[in-house]
Amino acid sequence: MSNAILRVRCADRTGIIAALSDFVFRHGGNILDLDQHSEQESGRFFMRLVWAVDDFNLDADGIRLGLEVLARGFGLDWELNFDHVRDRVAIFCSKQPHCLYDLLLRQRLGELAGDIVLVISNHPDARPAAEYFGLPFVVVPVTPETKAEAETRQQELLKEYGINLVVLARYMQILSPTFIEQWSGRVINIHHSFLPAFAGARPYHQAQARGVKLIGATAHYATADLDEGPIIEQDVTRVTHRDTVEDMVRKGRDLERQVLARAVRLHLDRRVLIEGKRTIVFG
Amino acid sequence: MSNAILRVRCADRTGIIAALSDFVFRHGGNILDLDQHSEQESGRFFMRLVWAVDDFNLDADGIRLGLEVLARGFGLDWELNFDHVRDRVAIFCSKQPHCLYDLLLRQRLGELAGDIVLVISNHPDARPAAEYFGLPFVVVPVTPETKAEAETRQQELLKEYGINLVVLARYMQILSPTFIEQWSGRVINIHHSFLPAFAGARPYHQAQARGVKLIGATAHYATADLDEGPIIEQDVTRVTHRDTVEDMVRKGRDLERQVLARAVRLHLDRRVLIEGKRTIVFG
Amino acid sequence: MSNAILRVRCADRTGIIAALSDFVFRHGGNILDLDQHSEQESGRFFMRLVWAVDDFNLDADGIRLGLEVLARGFGLDWELNFDHVRDRVAIFCSKQPHCLYDLLLRQRLGELAGDIVLVISNHPDARPAAEYFGLPFVVVPVTPETKAEAETRQQELLKEYGINLVVLARYMQILSPTFIEQWSGRVINIHHSFLPAFAGARPYHQAQARGVKLIGATAHYATADLDEGPIIEQDVTRVTHRDTVEDMVRKGRDLERQVLARAVRLHLDRRVLIEGKRTIVFG
Amino acid sequence: MSNAILRVRCADRTGIIAALSDFVFRHGGNILDLDQHSEQESGRFFMRLVWAVDDFNLDADGIRLGLEVLARGFGLDWELNFDHVRDRVAIFCSKQPHCLYDLLLRQRLGELAGDIVLVISNHPDARPAAEYFGLPFVVVPVTPETKAEAETRQQELLKEYGINLVVLARYMQILSPTFIEQWSGRVINIHHSFLPAFAGARPYHQAQARGVKLIGATAHYATADLDEGPIIEQDVTRVTHRDTVEDMVRKGRDLERQVLARAVRLHLDRRVLIEGKRTIVFG
């Protein structure tokens, strides 16, 4: 069975749901899941709508045309996907392999609604892992001098492999604003988070020196404003004075794996809507 | 601003959302929140729909009539509420006051979408608390011999005070199947839960003897089948070997307060739908 | 049964535990709980030691004398308490009563190893609550002009009531560095925490605008450097786009209650050791 | 640096800590971590003691001799380990590879204080995974008829590889009471847990039918009484009506990975003490 997944955001006004659900109904679709919320403060409308298209009397182009008509009438900002059209995912990584492994394992377990088809790294270390899981692995070295060149190569690879989503799985290089701009909303990053936040180097050392009781991780869309992109998912774990910096790093690593994997799942399931500096996540 | 809240459950079929959202639209309503899910395995349809009725051109009776027509066509099982019509809540308690206090405090903080208007207890202990919070407090003693009589008195009180919801806030008496039947879906209970479950007396002692690492609490609708009613909310907290039975009881008490309060909130916000032995909670 | 609770911190060296446990043994004490950790990175030694003193052949003065001898030999920084000598606690609050109520309820439930004996507020609002729980309630108004005077009055009250611990239960005034200095390590504060942190006004509005998925609360000792004191306890709760700012405030309030109550318990149980800008919490 | 780790349990009496810490001190050891608790209800004494042995003037045999003397005097039940003597671990698995992978990944990341040196399975499926991580993989098929024979073969392998710990990483065969008895306290198992508990087949289907809001996982030592062995670690995760049985299985799988890995770490770090039907975990 194949489903269409429609995400809509727009200024709220009456009749949007009626019009969209009527459109689905009249063309023979059955709504399986509808999650809608109008925000009183901002006057914004957010919706995720899933319907079965097996007996639909419009093909993909027909649906898009129909939606375009509704969009003009209601001022909708919309995106349509079909769950049989899976995202093609590239993972960028450096030396730390934990997030890479975790994602590859989940792919093997059939947990992801997309396909990881490429691994790019600035170091050769992860090659055996990628190859074990049957994936092409390309080393694109990055130095301050060759950064532009490296990004050109990365862009070529992303194009060549038909990539829709880039996952920065502890990729320790900063992508240029140009790259980020071009892939806006399609690059997911993971970083550690602390209460309070720590500026500067060696955050785990700072966290221990401040005796924090929780450490966290945040997955977000990459934006030019580093680590300030729309947050997709967050979580925390408890630490005590018995945890060395090394223990905290290990616990943080565990958290990063889980939080990044959840964020990637949410994105691939078309459950995330970017709205300015934040996301709406349809849980 | 006043809102209508409609909950629907029925066998899934096409066109239900279109029909309902069209009904709202045509009569001048704006949908604020719509949360719908069709369960593939069971073929069941669940929905919660909230719309602003300030400019609606039907009054409550008119809405009910309109919904009844749709219900007949689509076989809907539905319930309609308005958020300005607040549930009237009675709390039943015994000697332990923690859940009672917590609910009364939340009422004072304006956190509840209903009104606690009556406290009934089989002991006089909680009288000062109820009176401090300005509530009538009625002692209805219960003994094995007087149980039927006591329930008659309780029923009278519930009728007299126009009660819609009974919260068993650590009420240590078992209500009769007749009572439960009559108040089906309108009595919320709280009890502790363990992994593994423990039959018999003194569960915290058993939990400690088994060295469990988590203790839990479950809020559910009361059914004749004791502690087996549809679950509304659950949570757990961590314990260690340093926790005495007394510590575990205290931690369990904290959990009971929070879980019961969350369940009551969910019910009063019309977020819970009972479906056989389980609930659908629109989060 | 009465217990002695000894907390020690010092530079690590061999023989400290042997000397202390030998001291306890030779004078007829039985160790009930010993939690010690030497930090490799910092070379610091931390310990909490509890022993039964019912058959001890030294009285409190004798114990202190004996410990002083050991302290000189080993360079110990130590603090001794007896669990039958309970801290006397003053609560400072303003208009928001949730943390005050929660602590008073816990006192009534017998959960605290200290005695709340005084409530001070800059507003009269909480008077009925304090009086219901049988506590003296003193209004000490604070204006920019009368601040010094107000603190003098507060200090007199703290002295008059023999207070050992001040709990700022959403007290919305900033205490002067002089006050804080004098009560160093004996003033517990609670504030909300976010990932990322938000500077400036209306943090919940900022948190919502950034679409955070978690909101948190942190209890810490007050220091002159506002909100930067040693952290005692932290926790977080989940929020979604369906949570209005008002919902987030309510969830934050729930969290504040729990986190502050846990921090106060830990302090009263003599489980917290302040070490520079952080705490060691013996869980 | 090398450390000795001593775990002790016995009937509580005065002087045990003094005697043991004195023993460590007199022979030139420095205590790094001491976690002790005497249980008032049961009169039992539990302790974990870690000291640096680099400058100790006794070798391993000498230490054991010294401890034996103390043990006779105080009636101690003790176990001594050195952190440079690492456990040799065998993983038993069947077709589901998630727990196996997770442990192998952690081994590669250097997270475990022991060495996984062997993988045994009743199916060939996991061979590539084991071999990728450089581990011998042995298929020992099990049928009702060949079970005894299979266990003989397994025992030979465990002996041949010098195994100290067996981890049942979703191994879907039941080990015989004889096997379990022989490996008592050295076989860790993982299974799902629910509130309430569900007897019989297809627990996830039952959990969904009951609308549980939490699903859990429990890691425990295997005992003849199936799934009733001493609990090492537990955790839960939240589910909603939007989670299909398949989603719940996936979430349960995630939880199993984490809970099993934590339990294995705790065991390898010598943090677990078995006391009858429960464990004491020194966190």
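A, B, C and D are the chain letters, set down in written order, and residue numbers restart from 1 in every chain.
As a working rule, contacts are C-beta pairs under 8 Å (C-beta built on N, C-alpha and C of every residue); 3 or more make two chains touch, one makes a residue touch a chain.
Fair warning: this is a prediction, and the values are worked out from it, not measured in the lab.
Interface comparison, A-B versus B-D: the higher count of C-beta contacts falls to B-D.
Rotation angle relating chain B to chain C: 180°, from a CA superposition, given to the nearest 5. Look at where the CA atoms of chain A average out and do the same for chain B: the two points lie 37 Å apart. Here the CA centre of chain B is 41 Å from the CA centre of chain D.
In chain B, the residues that touch at least two other chains are 33, 37, 40, 240, 242, 283. Considering their complex, residues 12-18, 21-22, 24-26, 28-38, 40, 47, 283 of chain D touch chain C.
On the chain B side of its complex with chain C, the touching residues are 33, 97-98, 101-102, 105, 108-109, 111, 128, 132, 240, 242, 250, 253-254, 258, 283. Per the touch definition, chain A reaches chain C in the complex via residues 37, 39-41, 46, 193-197, 209-214, 216, 218, 228, 230-236, 240-242, 244-245, 275, 277-281, 283.
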